[in-house]
Structure formats: C-alpha cells, structure tokens
Amino acid sequence: QAAGECATGKTLEEGVLTIATGNPAYFPWVIDNEPAGGKGFEAAVAYAVAAQMGFEAEKVEWTSSSFDQAIQPGQKNFDFNLQQFSITEDREKIVDFSIPYYTSALAVIVRQPTIDAGVQPTLESLKSLTWGADANTTATPVIQELIAPESDPLLYDDTINVIEAMNANQIDATLLDLPVALYQAGAVMNDGVVLGQFAADESTSPDHFGLLMEEGNPIKACVDAALTALIDSGELAQIEAQWLQQATDVPMIR
Amino acid sequence: MRPQPKIELNDVRKSFGDLEVIKGVNLSVHRGELVCLIGSSGSGKSTLLRCLNLLEPIDEGEILLDGYDISHPMLDPQPIRQRIGLVFQSFNLFPHMNAFENVMLAPRLNKKISRAVLTPKIEALFERFELKDRMTHYPDQLSGGQQQRVAIVRAMAMEPEIMLFDEITSALDPELVSEVLDVVRQLKSEGMTLVLATHEMNFARDAADKVCFLDKGVIVEEGTPDQIFQNPSEPRTRAFLRSVL
Amino acid sequence: MSRNTTDKTGIVAAQAALPAKISRTAYNAQKKRRSLMIASASTLTVVALIYVLVPLAPGWERVKNSFFNWEVLVRTFPKLLDAFLIDVMIFAWCAPAIAIWGLVIALCRDARSPALFPLRVFATVYNDVFRGVPVILVIYLIGFGIPGLGLSRTWSNPYIWGSLALILSYSAYVAEVYRAGIESIHESQRSAAKSLGLSHWHTMRHVILPQAIRRVVPANMNNFISLQKDVALVSFIGPVELLRQAGVEKSLLANFTPYVGAAIIFLSVTIPATRFADHLIARQNRERG
Amino acid sequence: MSRNTTDKTGIVAAQAALPAKISRTAYNAQKKRRSLMIASASTLTVVALIYVLVPLAPGWERVKNSFFNWEVLVRTFPKLLDAFLIDVMIFAWCAPAIAIWGLVIALCRDARSPALFPLRVFATVYNDVFRGVPVILVIYLIGFGIPGLGLSRTWSNPYIWGSLALILSYSAYVAEVYRAGIESIHESQRSAAKSLGLSHWHTMRHVILPQAIRRVVPANMNNFISLQKDVALVSFIGPVELLRQAGVEKSLLANFTPYVGAAIIFLSVTIPATRFADHLIARQNRERG
Amino acid sequence: MRPQPKIELNDVRKSFGDLEVIKGVNLSVHRGELVCLIGSSGSGKSTLLRCLNLLEPIDEGEILLDGYDISHPMLDPQPIRQRIGLVFQSFNLFPHMNAFENVMLAPRLNKKISRAVLTPKIEALFERFELKDRMTHYPDQLSGGQQQRVAIVRAMAMEPEIMLFDEITSALDPELVSEVLDVVRQLKSEGMTLVLATHEMNFARDAADKVCFLDKGVIVEEGTPDQIFQNPSEPRTRAFLRSVL
C-alpha cells in the first residue's frame, strides 16, 4: 500500500504505530478504558486511521498520556495522541494537529432542579447560572466569551469533578461536548438534563478535534492523508454514527 | 493549754510512685512562729512545703489549718492555697509581666478586686519592701535578690495567714542573701506565721523559734535553735551539723 | 481543742457537706473509676450523636453512596494497595537521596572558606527557591521541563524527573533542619576539636555531624512523613500511584469512595510514623529539659 | 637569642617561605580583598558556565519556548496576578481561623479533668487524622462531600468548604506547635500560679499561654508559609486561583510558561516570609543559647 | 644568660570588635615551668590562653614558640596547635564517643597512626592517670573529676610540648577538685611546661614557679608565689588578693 510506505521511517518504532490516549479514557470515546478493544469512537477512529496508513491492528501499540504530557516539549512517547484535543491557534505553535476528525457541538448540562427553577435554553437565561468546566478544555473561553455569565466559572481537573460539583450543588451548569453530555446526563447523573446545544458551526470557536503530534513530526502528512481518505470514503461518518449517540431532540440555544 | 496551732500535720505520708518521700511527719506551727526545716538535699523539705500548700496531694494523714482538715481530697484546694503563700528557691516570677503585674495578677483574678482599688495597696507593699522604684521592671531586669523580694511581695499580696519559704536564698549570690533574709525578719516582726526550708544555719540559729531536722522523710529531731545547734541529741543531727557548719 | 471561728474560705461549710473520714486510697480509686465512667459515657454520647444526626441530612444517602460505598471500596481497594507500592518505591529511593543531598546543601551553607563563597550563595538561593515554590509546581516544571531538553525516551521517564523534583524540594527543608542541628552544637565542641589540631573537615565529620544528625532525627522524621504524603503529587506528571489510581477509579466509577480508601491507606502509614516521631521528640525534650 | 633546631611542625621551613614581618592589619585587609575577588570570580564563572552550556542542549530552544516564553509570560502575568488575589483572600481568612482553632485543639489536648476526657480523645484523633492525610485528599473529601449533604447554594460554595478543609488540616499542625509551646513552659510556672491560688483556666490564660504563644511564633510562621503555598490546592474543587489560572493558560496556550509565572509570584511572597521566620528563629536560639 | 624560653609573648594585643581584651602582654615561660595566671573574672585569662593555642588570631605583637613566631597570620595553625594542648573549664569532651575514643580521635586523624599502634599507648596513659577502668564509659557516665581527667589525657595523647589549663577545676564539686590538681602536679613532676589560669589560690601558692596577676588585659605584677602572695607591690594585686583569700 502506498500509505504504508508513507509512514516508513517516520514512526517511533519501525513498523508499529504508537497511539496515545488518556488514562482513564472515557465513554463514549473509548469503552471500558480499553482502547485496544477498538470499541468507542476514538478507538475506532484510531484503528481506521492506522489501517488506512497500512498498519494492521496488531501493529498498533497503545500508551497513555495526560494532557500535560502531550504538550510537554521534547520527545513524545507516541506517534499521535487522541483524547478530544481541540485544535487552536495557540496550541498549534507548540504541537502539530491533524485535520479535524470530529467537530463537536457543545452542550449545556443542568440538573432537574435548575430546570424547575425556570431556566430556558436561551443565552439570556444562561447568564445568571453558576458555571463550571474542565480546566484543560477549551470550554472555559467559550463560556467566558459566548455566554459571559455574571459570576466567574469554577474550574476542575476533569469532567467527573465537574459533575460532582454539580451534584454537590456548587455549580448549576457546565459545557461539554455533546456526546459526553448525553452520556453524563443519561447514564451517570441522577437528575441531569441536556438543556441545549450550540450548533457546531455557529459557535465562535467551533470544537474541532484533531490528532495531536509532536511539532514538526513528518508523519503528519500521512495522517492527514489517511483522515482525508476516511472522510472521502464516508467511513468516518459511519464510525461516528456507530459510536456517538445522535441527539435529535436537543434544542439549539440562541 | 497552749492555743490551737495555726497549722498541724498528723502522720503525713507522701510517695512518688514507689518512692516514699515523706514518711509520717508530725508538726505543729503556732501563730506568729518562725519554724525552720533543715536537712540534707533530698530529705524531703521541698516536698513537705508543697504538701502544705496542697500542690501535692498527700497519701495519708491530715493537715489541719486552724483545726480544719484542708487535706481532704474532696475539698477544692484553690481557696485554701490563697491563705497559704509559698515562695520558691527559683523565684518563678512570670517573665512576661513586670513586677507590678506579677504582684497584681492573683488578687485581681482571685478576689476580683478592681485595678483602681488594688493599685495603692500594692504600691504600699512595694514601698514597704523597698522595691518602689522597681515596679515597672521586668524580671530579667532585676537582680536575683530583687526578683526574690518581688516573689515574696507577690505572695504577700494575697494576704496569706502563713508563708512558706523554700530555700529562698540558695539561688542568690552571697552578697544578695542578706537583703532577702532581712525581709523574712521583717515579716516575722509583723507577726506572720512562717515556715522556712533553709541551708542558712546561721539564720536559723538567730531567728527561728523552732528548728526541725528532717532526714529521709522523717523529722528526726525538733526543738529550739539552742537545743538543736548546741545539744543535738540524735547522732544523725550531729553528723549533719558537722558537715554543714 | 478550741475551734477557730473564722471560715473565710468556707472550709467549715465545705467539710460539713463532706462524708466523714474516708480512706484516701479508696477515694482515689473510686474517683478514677468515676472519671473513667464519665469519660466513656460522654465519648459514647458524642459518637452516638454523630451517628444518629448526620444520616438525617437530606443528602446523606447520596453522599454515603458517593463517598462511603462499601462495595466500591472492596472492589477498588486491592488496586489501590497495588498502586501504593509505587508510592513506597518512590519514597524508598527518594528518602536516602534527600538525606544525602540535604546534608550536602547544609554543608555548603556552612562553608567558611572564601573560595567556597559561590557554594554558599548557591546553597542559600537553592533553599530559598525550593522552600518557596509549592512542591507541585516544582514537579510540573522539572517533570515536564527537563525531559524536553532532548533526552532519549529512557531518560525522559516521569518517575526519574518526578523523583528528582521531590528530592530537590525536600532537600531544601532537610538541609535547613541539618543546619539547625549543626548550629545547635555548642561552639565549645568546635573549640575543643580545633585545639586538638583537627582540621575543619575532620571536626565536621567526626565531632559536629555525628552529634548534629542525631539531634535532628525527630525533626527529620516529620519531614519524611510529609514526603510520604507528597509522593502522591508525582502522579500529576504521569505515574499511576495511589492518588492517581484513586482518581482513575473515581473517574471510571464516578464515585469518590476510592479517595476515602486512599486516605485510609495513608493514615495506616502516617499515624504510626507520626506517633513515633512525636515520641522521639518528647523523649528528646525530656532529656534536655 | 639562641635558635632552637627542632622543626617538627616545619615552622622554620614555613617561615622561610613567608614574606618578612608584615603589618597584621594590612595583611587582613588584603586577605579580605582577595577572598572577595575569588568569590566574585568563581560565582561569575559558574553563572557564565550555566548560561553558556544549558542552551547547547539539543532541546533547549523548545524548552525555552515552552517554559521561558517571554511573550506568553507578558500575556498571562496580569491574569495570574489577578488570580493570586484569590489566594491572598483565602489565606487572609484561613490564617486567623487556623490560629484560633489550632489553639482550641491544643487546649483540648491539654484538658486534664476526667470529664473532659472525650475532648482529649477527640483532639488526639483529630490531630492524627488531619496530619496523616494529604491536604489535597482532605480538600476533595470535604469540598465535595459536605456540600453534597444537600446544602443551599450559598452554603455549598467551594470557597467555604475548601477553606474549611485547609483550616481543619492546618489546625492540626498548628495545634501541635502550640502544644509543644505549652509543654516547653517550665512546670515551675504552673506551680507558682497554682500556689497563688489561680484556677487552671486562669493559669493557662494569664501565665502559660502568653509565654507559650510568644515562644512558638517562629515555628508557626513556617506553618503559615506552607499554608500560603497550599492555598493553591483549593483550586482542585473549583476556585480559580493562581495555580488553576496558570493551568488554564497552560491548556489554552499549550505552554508551561504560566507555571513559571506562578512560581515567580509565589517566590516573591514566600522568600521574604521565610527569611523573616528564619531570622526570628535564629534570634530566639541566640537568646536561649 | 638563661636558656631560651619555651614560649614568649611580646606585646600581644587582642580586641573583640571595639573591646580591647588583651592590652599588650609580655610573658615568658621556660621549659618545665608551671606558670599560674590569676585575676578576677573578665580580666582576660581565658582569652590569653586561647591566643596561645591560636584559637584566636592576635591583632598585634608576636608569640614565639622555641623562638619561632607562631602567630604569623600566614602560618597554618593546625600543626602548631598539636604541639600545644589546651584543656577547658567545661571539659568539652565529645559526648558521642567513649573516653577511649575521645582520646584516640586526634592522634588517629592527625598523625594517621593506626588503631593497633595507638591502643597500647593510650591504655598506658589511662593507666597512668588511674582511669583504666573508665575507658569505655561515655562522658555522661563519668563524674566531673573523671571527665576533666579524661580531657587532660586527651590533650596529652597528642604529646604536646606545653599544656594550657583554663580553670580546669571551677566546674567541679569541691571534693573532686583535688583529684584533678593531683594530675597537674604529676604532669609538672614529669617535666611538662604548664600554664594555668586558676582561681585556686592555695594551689598557685604551693605549686607554681611563677604567678602572674592579670587585670583588665594587662599583667600588673608577676613573680614567685612568695612575692605575689606575701609581698604584692601593686595596690590592685593587694585588693584582689584580699577579696579572694
């Protein structure tokens, strides 16, 4: 295969593609914190990209990395890293991103009591809520710029802590990628509700996920080519349909 | 019949753990008397005085003050201690208060008398013991002799009926000893009841009404200074006096 | 015997109310029994009150489920224990390194020759910086910064750099403790050694240090107990030790019980250690006082 | 004068090599000048070496870009300073609370009446637990646990519970320091107060505590400097203080320079404070020694 | 012409900051002589001995050992100190070593002699000073007199040519003083050159070859014990002797 040759001499270990994701890796991106199982959206994307690049499934090595490890200078221990990294201009200065493999809508989660108190899926109504977010995501600037709430948002290390803070009645609402929001509201929280979503293309800083690579990594061209091929063939859309719940009934926030 | 003793000890015993330090002491002290306890180091003089002040609960026997048993374990010792002053060898002034505050503390807290009422009384005390010009000095700004005199004034300020002195001159340089002993003489002349543990044999001989020789927790011999110093009847007393005189 | 009539302190009144002559030994024994009873009773009451009142809070069920979930505890505890081995390991190699490097820094701060002046400046700045920055920041900066200087993969291992960060931070504290120890040795010991013709280094090595180090053992124990806890911070740059494992389990189960499990494991190590250090300090104070 | 011929220690040889009679004052002045020169020269050499060698590392450009990025520092520093106000605020209300609550715990541990035995047990267990668990775990458990009991919005504020966690943890350390102070007051002070008829509480309040608290000021200073650094841990349950703000900037810019900025801010507070505490301790040691 | 002095001080001066403590001292000590320095507290006796041992650099003047200036600031003091033993009032034994290790330390490190060679020599020293049965005791297991004797043995083990003793008996209980002074007499009888700062006037009178009276950093008067104690010519000497005898 032509793509297989493309990666020759460019991977960490010859003939093997090393992919990193978070520990833990969350539903629905990876199922059961077990990326090698190939289950979950990102796990499936990873294997599809690998296959496109000419690596068989057994030639794929998984490793774990935190956000901080992903952006630290110096040698990386992965060829590419996927854990819902949003592509931003500032981050591009330090690391390389592939073309986007997913563009997420951002969704607002609240608890039932907040709904009962009369909150509406409108920007105006969201301003008076107390917001929380995962500090490592781009949700923070979106909250501040798009919603501009009256009180400063509280920030946490991960989504679970954000949800716990909501359970502890310390915050009213948070902004999550729509698939995560659906999962958290549906399966994790007792009384969580997805209040509404911002259309992916409408938000001022759309949340495009990219595969993260070391700055100047020569493999980027191959990865981009593989992703383009997957998009063109419609395979990526298929994977998305298989693993990510389609939310038809989540209202748009205006 | 002699009048009732001011203080009376009946067969008092006191142990620390397994070590019996006071082994059955009988002693009576009358109003206005000056009694000196002498004896070698470790004989139990300090412990006896601490028992009298109720700082240490006794194990057996009784301590009568004006005929009432003050050693009963269910009595609150606090008000009784206010009637019995105790001055220590090492002064034990409170270093964070000046001389005046040191003296004022106990009357102010115990008797709840206001500063305004107390101040002239305490100033008079300082005057009496020639310490007027040292009232605002802190302990570490005073000489040993002055510190010890302040400690005596501090005990006096509670207007006790008896004063106990535990080797109040042994931490002093020789030239300062006499100024403190003069204060003791003055107190005696004013009619205070006094019990002294002391190594100053000359003072005991000159000033005491009664001298008790303590050895290993027992009063071996007691009597007037003349009896004890001229004609000790016990061999142990004689041996002790030979070593210190 | 004539009875005195003054009763300033109310002895008469008080004694009238007392039982007649009692055996002191019996009274003391009885008093001890009574105290013990009061103590037990009041302790029990307090515990019972907490036990009864807290569950009445409206969110108790949820909190109990989130924080004190027996099932989760049982399920995660073995993994937590496993992860704790990492803490023990990191501790095991950091502790001696800290003890040695801290001593070196302390000796540098004590260097008296003018040619060694840079060493003294270095040691002073070192202590200021590493005592001044939160340990977690040092771990971030070193753990992510140094590997970036272009080291091979083996050498950019987070265990190495996380441990180094701990060693650097804690050495500063330990060095200060040593220095206090060295300064606490009376000048007359130095004089005695010098008057025998010993060199500066021999004096230090054979006379000052053996006494100083012994004297600061308890203070250093406390430092090492803190270290035992701060080893957990290495998890922020990758190693999956106890705190991180608890975090992972928390994320996976969306339940905070693993943190309680971690707390239990920490306590089971630190309480005996603290107790021991306290005991050493108390003994030392007694010996000196 | 007849010259002795023994030269065991080589004085003759040594003196032959020495310049003839010199003025001692001149010699000392000269020696001081020389030391200063050696010191400056060697310090400069070391600094220069670091300055020249480190940038030669292959990854230096990247590390510099990631950690010492001037542009990023300038861009984020004002926000970091803003966030530091939160640390200052939290510190400002925690410090007095810790001072008071620590004292209460210390007094409980000192309680002697048998009826107060449960207080003593409570204080002992309290100290063991809160000194034994990492502060960050306490913050998680209290910061998420207690509000979960179903408190109203005002009362589930993370600032309150984060601060409470800090207060609870640090009070344990401060209480131990107070206790050491109380125990360091010589028994004779208690005896003196008791012999004057003061009650237990009056003795404590007017005689023991004023001396004990003064004596432990330096040790407590160190605790409060640590507190200043650990305030940052409150960020784990929400509040966006310095460390968190640095983390956010780090995420957004994928650059660690904000952490360096945070370290600078911490140092600018902790170095003077530590210096001051050291100075107090040194003075106290001098006074006692 | 007398033989060359073992030690000679020429116009030695020493200040601490602005305080001049030694103000031009001239002194010579001959081989085998025992010289006693007497004088009130603060007169500079200890400082003078510390200067002789090079523990304090002097500011002016010179100190000659066998005619060579040992006070030259560019000389390494370490080997010279090995020739001059100094024993302190407070013994200053190393508390973490037993008596034997205390004594062995300096010869082992300074002369790099092996333990095996040293052991019999040091044991002989202990024997000579009747300390054989205390060799393995730690300082806090020894009485004050024994500690001081070990300190002397420790200085002796370096085989010094001169020994300086700084009030070696003032920290001892009265009954222990004589056992230490006996050791000094023994050293003198063996021909050691000795300089003592002492408050023991009786000892100075009996044993010294020369007595120097120091006052405020100056040797006011020196001479044989008879001259100094019977016929002091200076009024300051007379005043001092009156206060201490």
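In order of appearance the chains are A, B, C, D and E, and numbering begins at 1 in each one.
Quick note on the criterion: a residue touches a chain if its C-beta (ideal position, glycine included) is under 8 Å from a C-beta of that chain, and two chains touch if they have at least 3 such contacts.
Not measured: the values here are computed from a predicted model.
Under the contact definition stated at the top, the chains bordering both chain C and chain E are D. Graph distance from chain B to chain E, where chains that touch are one step apart, equals 2. Chain centres here are Cα means. That of chain A falls 84 Å from that of chain B.
One finds 14 Å separating the Cα centroids of chain C and chain D.
Between chain B and chain D the centroid-to-centroid distance comes to 48 Å (mean Cα coordinates, whole Å).
With centres taken as mean Cα positions, chain D sits 41 Å from chain A.
Residue positions of chain A touching 2 or more other chains: 68, 72-74, 164, 167.
Of all residues in chain B, those touching 2 or more other chains are 79, 82, listed in ascending order.
Multi-chain contact residues of chain D, defined as those touching 2 or more other chains: 59, 62-63, 66-67, 144-145, 148, 150-151, 256.
Interfaces, counted as pairs of touching chains, are A-C, A-D, B-C, B-D, C-D, C-E, D-E. Residues 1-4, 6, 8-12, 14-15, 18-19, 24-25, 27-28, 31 of chain D touch chain E in their complex.
Within the complex formed with chain D, the residues of chain E that make contact are 3-4, 58-60, 65-70, 72-76, 79-80, 82-83. Per the touch definition, chain D reaches chain A in the complex via residues 59, 62-63, 65-67, 144-145, 147-148, 150-153, 156-158, 235-240, 244, 247-248, 250-256.
Every residue of chain A that touches chain D in the complex is listed here, in rising order: 67-68, 71-74, 88, 90-91, 93-95, 130, 132, 135-138, 140-141, 152-157, 161, 164-165, 167-171, 215. Of all residues in chain C, only 188-189, 191-199, 202, 206-207, 210-211, 214 touch chain E in the complex they form.
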